[in-house]
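Heads up, there are several structures right after this.
Two complexes are shown next, each including chain A; its partner changes from chain B in the first to chain C in the second.
Showing the complex of A and B:
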């Protein structure tokens, strides 16, 4: 598939970039044929949170800080696909200027595509491909739609939820959602007024839940590295804990479970898309049974 | 945009880098083009202002784009385009098509084409025609 050279700093970036395009565009059948079984997967850090809280800027600073210890490092930055034109404006990269010139860091912007879960079509395959090129760590920035992002939990070893002063309403809305699954909560832009108040709101929301030990909360600001270093340490702790608690096998199973799930979802929409609109005039039970039959039939692409 | 117009050409699945090389602070045109390309279905990456040709070429490679569009209103298009093409060649990426927009005098347009630029677009060309031409170039 690619003539990769995977000595740590001598990654063939063109080959990697092209492999990723192929993998992103691949149909389900093509994916199944080429799927790499990654045995040594790099630790994955998922970064999620509402638009505008400073995720991209933070990812850039985290990457620059961590790459001194873990190199090479890959960043996947996902932005939404427009439902109207199916096009996208991939803007995360503008905030990552400071690291885009570091040969130890590879940044790739992806559109969310058909996926509605805050991630991107074929993301598991993208990650497996990156693993194949010998990266030491991967940071994934999600679309950041708010509460519906349990998906990143399936793929990431550590999940950061990024908020900012004034995210109070969001906190209220999210209390039953992603706030429970995050490993670390970042109150970003702590240079703005209200950061402590937001952190306190979070503590009180978390305090009311007993089921799970509360994630640590850290204040981070772009004009000071103290919070950033603290955050990086928390990531290390969370990574160590996730390896200790489940081990490599559990991790691989969780990854592959999501991978299979996404393949099935995509196959379903491929087959649905191949049915003419007029079919849906029939009784749903008939169409449904026909659909199931088609699902297990031999390869049939879209169109 | 206008709903009744003929179906715009689709750039779906194409990845396009819009870049502003040099010390030029005019970014309205680049943003207009980025949005129009997105609305025609492309995945658009915008570099932001004042980027070195070498930086632009590296981003083009890392992002595996299908084309690079340079927006230049500073008058330095000849130098900046030459350098960008050179940097792409250095990275073995001379196969990525490059097009240019902005304030490009008519005389320079053929010079740029001779260097390998695939299309030159100034503000006299209606936006829909620009997008149609880019789509054709990449089909």
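Showing the complex of A and C:
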């Protein structure tokens, strides 16, 4: 049966989907019980940038381009969560339809957490699971709203910042400090007017603010793949540099630090959710101590 | 000496600034030791919206307008933090210069946390401190990037969503689910073309998606205070409704739940920061357990 669902590249898509569904639903306790440490993590490309700059379309094009050399390839797309529906919105995913049929590409969308950093609360677990299935590369598309850049740096080997011509994005990216951490900056939708001016703005901002060497800037047009090829080459360079600078152990420690942090943050939310609202009428210091005590009592230990 | 620095309305600005500086720097342990529970919290107005829509200018105008009736008034402005400088950027604050000279208005800007929800990690403590100084109202301006809307609802009594004509903000706000939780929606910069169209888009989106009654929508122009007056009236209505629906105890519990949550999240970061990177080479479940054990050991208890 697994023969029927496995791709030419040996990824059992059905088994992977099943594993991921379990991982996404699992409590912190269950997650810790099953936690596996993969020692062969695929290179990870993080894609950030303000909403509306065309991240999803760019990721789809990039995946189609890179999969010719780097396969199989996984795409994780974080979707904003609506606080009412508590589900992720699928509008953006429609744009990825063009890659969904490629047996060498696996796409999974995840709902962003409500109170956290704009990534999905269980993203580290999802990545660890995907690593176990032998992918050659993973592209992670973030919601791209301010706080996710810090987190993505902990998880990804290379960070792309996607902007578009005009609309003050450069100023906003500067203000949010994103510009300082990106490995490659993409001016997307570069067929729109003002693309070169935006690139020049970026260059002058980077020239002024940066101590270390500036990231390369690339213009990607909708009607031409030249920029896309350039971008892909820059990603290869940045990945090579990242491997040289960090080393596998440093990379794993950084990843696990974030993973353990997220697990503790999730457990905190679980415990907070189990306390009745009336408890919070007490003095903060008392509730805080009670919260920590409950935090350390595993549900298993109590049951 | 305190006579010299107190305003006509009796706010000792120097003492307040001193208290806030202490609160902002304090460790979680010190914060818990000194935690006071104010039983006379001022009404809080939260202002969210995407970057670039003119939140700071609107808040300044709103403060000038409301302070004629509601004084003294405090403005807390959350600034994006640059990951390199670790300081907040002061560009936006310049626009608030016009209110900075009014002795009835106290302005304080706070740096947003790096890994959290786009608010300042110690915002609950800052609000509790301000409450102790007898303000009549507090306006909180968020960074406005996706995740802060959830948090601001826990802290504020009324939430304004600020958008501007065109630029896909409506779609993005819809996607992020912000539109569903706002009490009042402002189309700012309404002297720009497309303001009425944006308001109509909002009305049709809200008509389709909402079960409960839709929030009012108001257009605020730069060159005319009519919309601003309307907005202020809508805020009064929303505040009155909020008081009727929740009650003081429910409000305090909601505030304290968020406060305790943030304290635990901050403590988690403190402990994580104290662990050497090499610890994270171990199995996540082992590091996780160690983390929780350290979390509950107060620094005082160990010292």
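By definition in this document, the second predicted complex is superposed on the first by the 278 of 303 C-alpha atoms of A that agree within 3 Å, B and C clash if a C-alpha of one lies under 4 Å from a C-alpha of the other, contacts with A are read in each partner's own complex, and residues count from 1 in each chain.
Following the convention adopted for this analysis, contacts are C-beta pairs under 8 Å (C-beta built on N, C-alpha and C of every residue); 3 or more make two chains touch, one makes a residue touch a chain.
The model shown is predicted, which means the values in this text are computed figures rather than measured ones.
A.B. asks: Contact-wise, after the overlay, does A:232 reach chain B, chain C, both or neither (first, second, both, neither)?
C.D. replies: It touches nothing on chain B or chain C.
A.B. asks: Between chain B and chain C, whom does A:214 touch in the aligned arrangement: first, second, both, or neither?
C.D. replies: Touch partners of A:214: none, neither chain B nor chain C.
A.B. asks: Now for A:277: first (chain B), second (chain C), both, or neither, which partner does it touch?
C.D. replies: Only chain C; A:277 stays clear of chain B.
A.B. asks: So which one touches more of the residues on chain A, chain B or chain C?
C.D. replies: Between chain B and chain C, the winner on chain A residue contacts is C.
A.B. asks: One more residue to check, A:32. First (chain B), second (chain C), both or neither?
C.D. replies: In the superposition, A:32 contacts chain C only.
A.B. asks: Between chain B (first) and chain C (second), which does A:264 come into contact with in this model arrangement: first, second, both, or neither?
C.D. replies: second
A.B. asks: Following superposition on chain A, which residues of chain A contact chain B and also contact chain C?
C.D. replies: Shared contact residues on chain A: 81-82, 84-85, 89, 91.
A.B. asks: Which stretch or stretches of chain C touch chain A in the complex?
C.D. replies: 32-33, 35, 37, 50-52, 80-85, 89, 91-92, 112, 114-118, 143, 145-147, 149-151, 167-168, 171-172, 175-177, 180-181, 249-250, 252-254, 256-257, 259-261, 263-265, 268-269, 272, 275, 277-285, 287-288, 291-293, 295-296
A.B. asks: Please output the residues of chain B touching chain A within their complex, sorted ascending.
C.D. replies: Against chain A, the touching part of chain B is residues 11-13, 15, 34-35, 37-48, 55, 58-59, 61-64, 91-93.
A.B. asks: Okay, in this complex, where on chain A does chain B touch?
C.D. replies: Per the stated touch rule, the residues are 13-14, 17-18, 20-21, 25, 81-82, 84-91, 93-94, 97, 100-101, 106-109, 111.
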